[in-house]
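Common to both upcoming complexes is subunit A, partnered first by subunit B, then by subunit C.
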Partner chain A sequence: MEYDADVIVIGSGALGNNAAYELAKQGKSVIILEAGKSIPRWKITENFRTSPRKNNYNDPYPNAATAPTSFAKDYIENTGSFAYLPGMLKLVGGTTWHWAACAWRYLPSDMKLKSLYGVGRDWPISYDDLEPYYCRAEEAIGVSGRSDEDQSGQGKKNFPPRSKDYPMPSDGINYMTNRMHDRLGKLGYRFVQEPSARPTNQPYDGRPACSGNNNCMPVCPIGSMYSGDVHARHAVKAGAKLLTEATAFKLEKGSGNKIEAVHYRNANGEDKKLTARYFIVAAHGFETPKLLLMSDVANSSDQVGRNIMDHNGLAIQFLADEPLWSGRGTVEEACIVNMRDGQHRRRYAASKHNIGNSVPNMPVAQRLIAQGIFGKELDERIRHDAARWVDISSMFETLPSPSNRVIPHPTKKDALGLPTLSIHYDVPAYTEAAKDIVLRDYRRIAAGMKGEIVNETSEWQNHDHIMGSVIMGKNPADSVVNGECRSFDHHNLFLATTGVIPAAGVVNPTLTGIALSIRIADIIAREV
Partner chain B sequence: MIRPFFYRLASVAGMAFCLSLPAMASAGNSHTGDASNPPVIVQKNVVAATPTNGFSSELERGAYLAKAGDCIACHRGNSVTAPPYAGGYAIASPMGSIVSPNISPSKTAGIGNYSEQEFSRAIRKGIRKDGAYLYPAMPYTAYAGLNDKDIHALYVYFMQGVAPVDEKPQAVTKLSFPFNIRLLMSGWNLLFLHDKPFKNNPKVSDEINRGHYLVDTLAHCSTCHSPRNFFMAESSRRYLTGAAVGGWYAPNITPDETEGIGSWSEEEIARYLKTGHVNGKAQAAGSMAEAIEYSLRFLSDADLRAMAAYLKTVAPQNLTGAKQSRFSFETRTPVHMVDIEPVTSRTAAAMSDSGSVDGQLLYENACASCHGRNGEGTADHFYPSLNHNSATGGLVADNLIMTILNGIERKTNDGIAGMPAYSDELNDSQIAAIANYVLTRFGNKAIAPISAQQVADFRANKSDPALLMKMMPWLLSGAGFVFVVIIILGYFRIKGLFHRRRSN
Partner chain C sequence: MPEYPKPSEKSESPRRQFLKIAGLSAGSAIAAGSAPLLAESKNDDERVQDQFYQISTFLTGHSDLDRGLSNRALAALTAADANFTTKFQTLQQAILTEKVSDPSLLRTSPIGQNEDLMATAKAVVSAWYLGYAGEPAIHAMEDNAHFITYSGALMYRPTMDATVIPSYARGAPSYWVNPPASIKQD
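And then the complex of A and B:
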């Protein structure tokens, strides 16, 4: 049989493109399908600058009827107690266009949650299996960070273990972090720097060094921060073919339980079919299970679309008693990690406090204007408050539960005539149990900085880290893919998405997703 | 892009067999892709700051001289992990790739069997041990001026200070006819190789003599900065007055106040050679960035000062009649926010449409984040100002266009400078629009407008050598005609001899 390609990759985000690039580099013929368009950075920057909704991170990105983003009206319907609404984009490069580039590794214990703490699930692979791919992923996307810190917060040295240092050193610790560490360290809070997928002090892979535009979300105007469009270009230069405005809607089964073809619909509503030896679905943590369910494939376990997780979050803002100058450098600078691991995970969720480092003029000004402050006083107060603004947000671990679920909407369709998304999500009790611990921390931290609390929310927030939706495991009866990210049902179908992640931890899973994707490419390259 | 030497075309057709390779012209460009991967060099206690006369051994001095000669730029391998001087680096030329040979002291793959005399002949006369002629991608016309002492030190270094690599580069130099006939170089050498060692000028200071020696031999500045005649030999009459180099433009560096670098202090020239930039004047890109990255920044301060001192004594030349120094252009009209951030349509179609050729809009969104709305750059000049900048105020826009297309990555003693390449993100019309906006607002507007076709030519690297290549069939037929005439004349002459014999 003649195939259109060795491998078809569905989705041109960071994960799909890294897999596509690795395969194309090894001489495999690769086609990438992308629902959205290819849009240059300058255009997104223009869209941002002219946007009247600067704090809506999806706003600079076109929301085409034929490639709706998650904020398209009615695209995501929520039926559970929590409105799960991540900022998903559809364009070449995917949602890493506005991801803020926190490039963490999981801890070895995150991947043995069940055996160590008796809750949730273990990964079917170990940290050691993934470690070399973490190194390759860090090199692929250019991560800067400190290799000498205990990122687990348990008073160890250099943890998790690394066989290579970060490709680039961190660009140092800013004034705000230093001051907060000086004052809160005494109370026992352990700080680590966020590893960040952006070059520091030097160009990397054609991207300039970060110069502190502090605009990682919604767009890095100079392309310093890594985003998936980088590897779309690399893949195309290595020989991959990129088809835009091509929304995959059906995977077709062939003989021997293999996936034989993908059907996609272009922006004119025309349907096309492409065949390949192998398929990688890298279409986002929600869209991937949707495509599998629409195609009635890979679901003998009935777990496709179930077990969805996020890092549900809380936040606090306060005005410290001294100027700290939030906003120097990247928007994510440092974290407090005391609760990232430990025996408490037997009883309640791990958590991590991110010390936000955005230029806070917008929320500061909004608050003051709402208080009726105008004119000269407004200018002075903006200067005063913005210098002292502290914004801490926390990410909580969640556990997989089959009832937390995404499905193709039973009735609603988008402009292409394809189903929209329906989500049911309740924050797990395990996560709820950690809430008071974190709120208590907030008050201690604010008091430690003699802060005036401006806003403290006990409402759960989205953190856009979709996991679990096509869960990975050892047992085909309760898992969608095995430790290779290969479908138990279809030997030639791989899923490159953070949706495979079975234990959530408390860190952005993107780097892990990229590491798994590079590993998928290696596995396929040996077989095709 | 047509340079004056093409005007002499008609008179030289019959001399086509002397044609040399215009390889140097394209060599610089081919380097640019690799600048992020500086090769590891066998360091034998080379201390950059050591004055040249303060070396503890000939070997150490030879290592320093090899740096000064920038041998590694071409004789590196193709990968970052390749050992130093393993060769294999392909220097693109329109006639084909010239692959640099292994010059490590391997007896099987390198130059380990070269005697000092043979080594000297290769460097100063362009002739290999086996007698074959080198192409002038190897700057032997410049190295010809090296003194015997330095040749000796270089020989000691290459024989004892470099690890032998017993593997020849896999690729070989393959040039199109007639350039593949190395013997042609003998004719070219007769005309253009002046292989006399450098002589000190007793009328000037030792420092200026030292600088002159370095500029003309090891640093081979004129290789790029002097224009070339039709045979691609340097014009001594227009020494250092500027020339195109594989898309980039190596500008006039004579001390002329308007066209050259007369406005630079010696300290600034030396600092530029070390760091690759002088704020408010110029920054190195392309092959100059490489020359600094691989070679010049390792020279001692005394040597860099000497080069600067000498350059200030070169005959100033203003060949184009330039009236304003390329470092002095600036904008006087700041833009207003309302003009550059208009209310725009929020439809998906409008937000996806990246076809604009509005130079201001493109500049604002692709360039201004770093270079500033008014081209002012950043206060610390980490991102250079586009006002008072050689790239925007020059006589040609080559370097501006090449920089937008290919970006910059320059590692110097002052850190690594980088600008992304925009060849993927912007089309030819858009780059032309940005160039015209930049030239008109911040630079020499007299050289605008740049056309999309010009940008396309730079993108395709269609520079002078390509033109020369276009002339090749014609030149060859001309040469062939001359050859036939010679044979016919020779026939009649021989016939005449026979005739005379018979009549005797």
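And then the complex of A and C:
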């Protein structure tokens, strides 16, 4: 049989493009399908600067009726107690256009959650299995970081273990972090530098060193921060064919339970079909299970679309008693990690505090104007408060539950006539049990900086880290893919998405997703 | 709380009254570059734009506001709220009536007790400081928000020496290991 390609990759985000690049580099013929268009960075930057919605991270990006973002009207319907609304984009490069580039590794314990703490699920692979691929992923996307810290927050050294140092050293610690560490460190708070996918003091892979434009979300204007468009270019240069405005809507089964073809619809509503030896669905943590469910494939476990997780979050803002000047550097500089691991995970969720480093003038001015402070007093207070503004947001571990679920919407359709998304999500009790502990911790941190609390958020927030939706496991009866990210039902179908992650931890899962994707490419390259 | 009359019920032009209260003469207005405001041959739209520029100057305390931005702000505020012109003219009358001499005194004046008037004042100040009018949606694409300016938003002026307007750069990589030069005075 003649095939259109050795491998078809559905989705041109960071995960799909890294897999596509690795395969193309090894001489495989690759086609990438992307629902959206390709647009240049300068246009996105201009869209941002001329938008009234500076805090809406999807706003500067294309939102075509034929490739809607997650914020398009009626695209996501929520039926649970929590409105799960991640900032999903549809364009070449995917949602890492606005991800702030926090490039963490999971801890070995994150991957043995059930064995160590008796909750949730274990990964079917170990940290050691993934470690070489973490190194390759860090090299692929250019991560700067410190390997001399205990990122688990348990007062050890150099943890988790690494076979190679970070490709680049971390940038200098900013003044704000140093001051907070000086004061809060005495209270026992353990700080780590955020590992970050951006060059620090030298260029890397054609990207300039970060200059502190402080706009990682929604767009790095200078292309220092890694985003998936980098590997779209690399993949195309290595020979991959990239088709834009091509929305996959059906995977077709052939003989031997193999996937034989993908059907896609272009922006004019015309349907086309492509065949390949292998398929990688890398279409986002929600769109991937949607495509599988629409195609009635890979779901003998009935777990496709179930077990969805996020890192549900809380936040606090306070005014410290000294000028710290949040906003100098990138938007994420440091974290407090004491509760990232430990025996408490038997009873309640792990958590991690991110010390925000955004320029705070917008929330500062909004707050003062709302108080009726005008004129010279307003200018003086903006400077005073902006200098002292501290914004801490926290990510909480969640557990997989089959009732937390995404499905193709039973009735609503987009402009292409394809189903939109319906989501049911309730924050797990395990996560709820950690809420008061973290809120108390916020008070202690604020008191440590003699801070005046401005705002405490006790409503759960989205953190856009979609996991669990096509869950990985050892048992085909309760899992969608195995430890290779291969479908239990279809030998030639792989899923390159953070949706495979079965135990969430508390860190951005993108680096892990890229590591798994490079591993997928290696596995396929051996078989094709 | 007194009922503040609509502008049309007053004999003297709001602008002339406003200049008096704000301590400005026609001469100082000319010096400030707003001489064309005084021309009598203006159409209604231009007169409203002049009034808006005056109340903006008063409420922000900034005497160097850009006329083009002022017109953009007025258009954005009117697009977000069709009754905005009447609202700001009513506020302007109230400021005259209460003889408020400085914007920082507004909230402690009788106007500060009037939610509608304060909402209008906040809308004007927000437009200039934040650079938009209306309520931007964070998780949706439909709202009544209207863009006015980004780099011209007044909220950035007080910190220009210390932090960037996001998306613009300052200094070299890792400049942030040091605090701003002003740290001891901040």
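Convention: the second predicted complex is superposed on the first by the 528 of 528 C-alpha atoms of A that agree within 3 Å, B and C clash if a C-alpha of one lies under 4 Å from a C-alpha of the other, contacts with A are read in each partner's own complex, and residues count from 1 in each chain.
One rule holds in what follows: contacts are C-beta pairs under 8 Å (C-beta built on N, C-alpha and C of every residue); 3 or more make two chains touch, one makes a residue touch a chain.
Nothing here was measured: the structure is a model prediction, and the numbers come from that model.
By the touch criterion stated above, A:475 is placed in contact with neither subunit B nor subunit C. In the overlay built on the shared chain, the residue A:214 is in contact with subunit C alone; subunit B does not reach it. Within the superposed three-chain model, A:233 lies in touch with subunit B and out of touch with subunit C [touch as defined at top].
After overlaying the two complexes on the shared chain, residue contacts for A:81 are found with neither subunit B nor subunit C.
By the touch criterion defined above, A:206 lies against subunit B but remains apart from subunit C after alignment on the C-alpha atoms of chain A.
Once the two complexes are laid over each other on the shared chain, residue contacts for A:45 go to subunit B and to subunit C alike. In the superposed model, more residues of subunit A are touched by C than by the other of subunit B and subunit C. Of the two partner chains placed by superposition, subunit B and subunit C are both touched by A:63.
Of the two partner chains, subunit B and subunit C are each touched by A:222.
Comparing the two complexes, residues 45, 49-51, 63, 201, 209, 211, 213, 221-222 of subunit A contact subunit B in one case and subunit C in the other. The touching residues of subunit A, counted against subunit B in their complex, run 37, 39-43, 45-47, 49-51, 60-65, 201-203, 206-209, 211, 213, 221-223, 233.
Remark: subunit A residues 45, 48-56, 58-59, 63, 69, 71-73, 83, 85, 171-175, 200-201, 209-215, 219, 221-222, 323, 325-329, 358-359, 361-362, 364-366, 369-380, 382-384, 386-387 touch subunit C in the complex.
Chain contact summary for the complex, subunit B toward subunit A: residues 36, 341-344, 346, 348-349, 351-354, 361-362, 364-366, 369-370, 378, 382-383, 407, 409, 415-421, 424-426.
Within the complex formed with subunit A, the subunit C residues making contact are 59-61, 102-104, 106-107, 112, 118, 121-122, 125-126, 129-134, 136-143, 145-148, 150-151, 154-159, 162-180, 183, 186.
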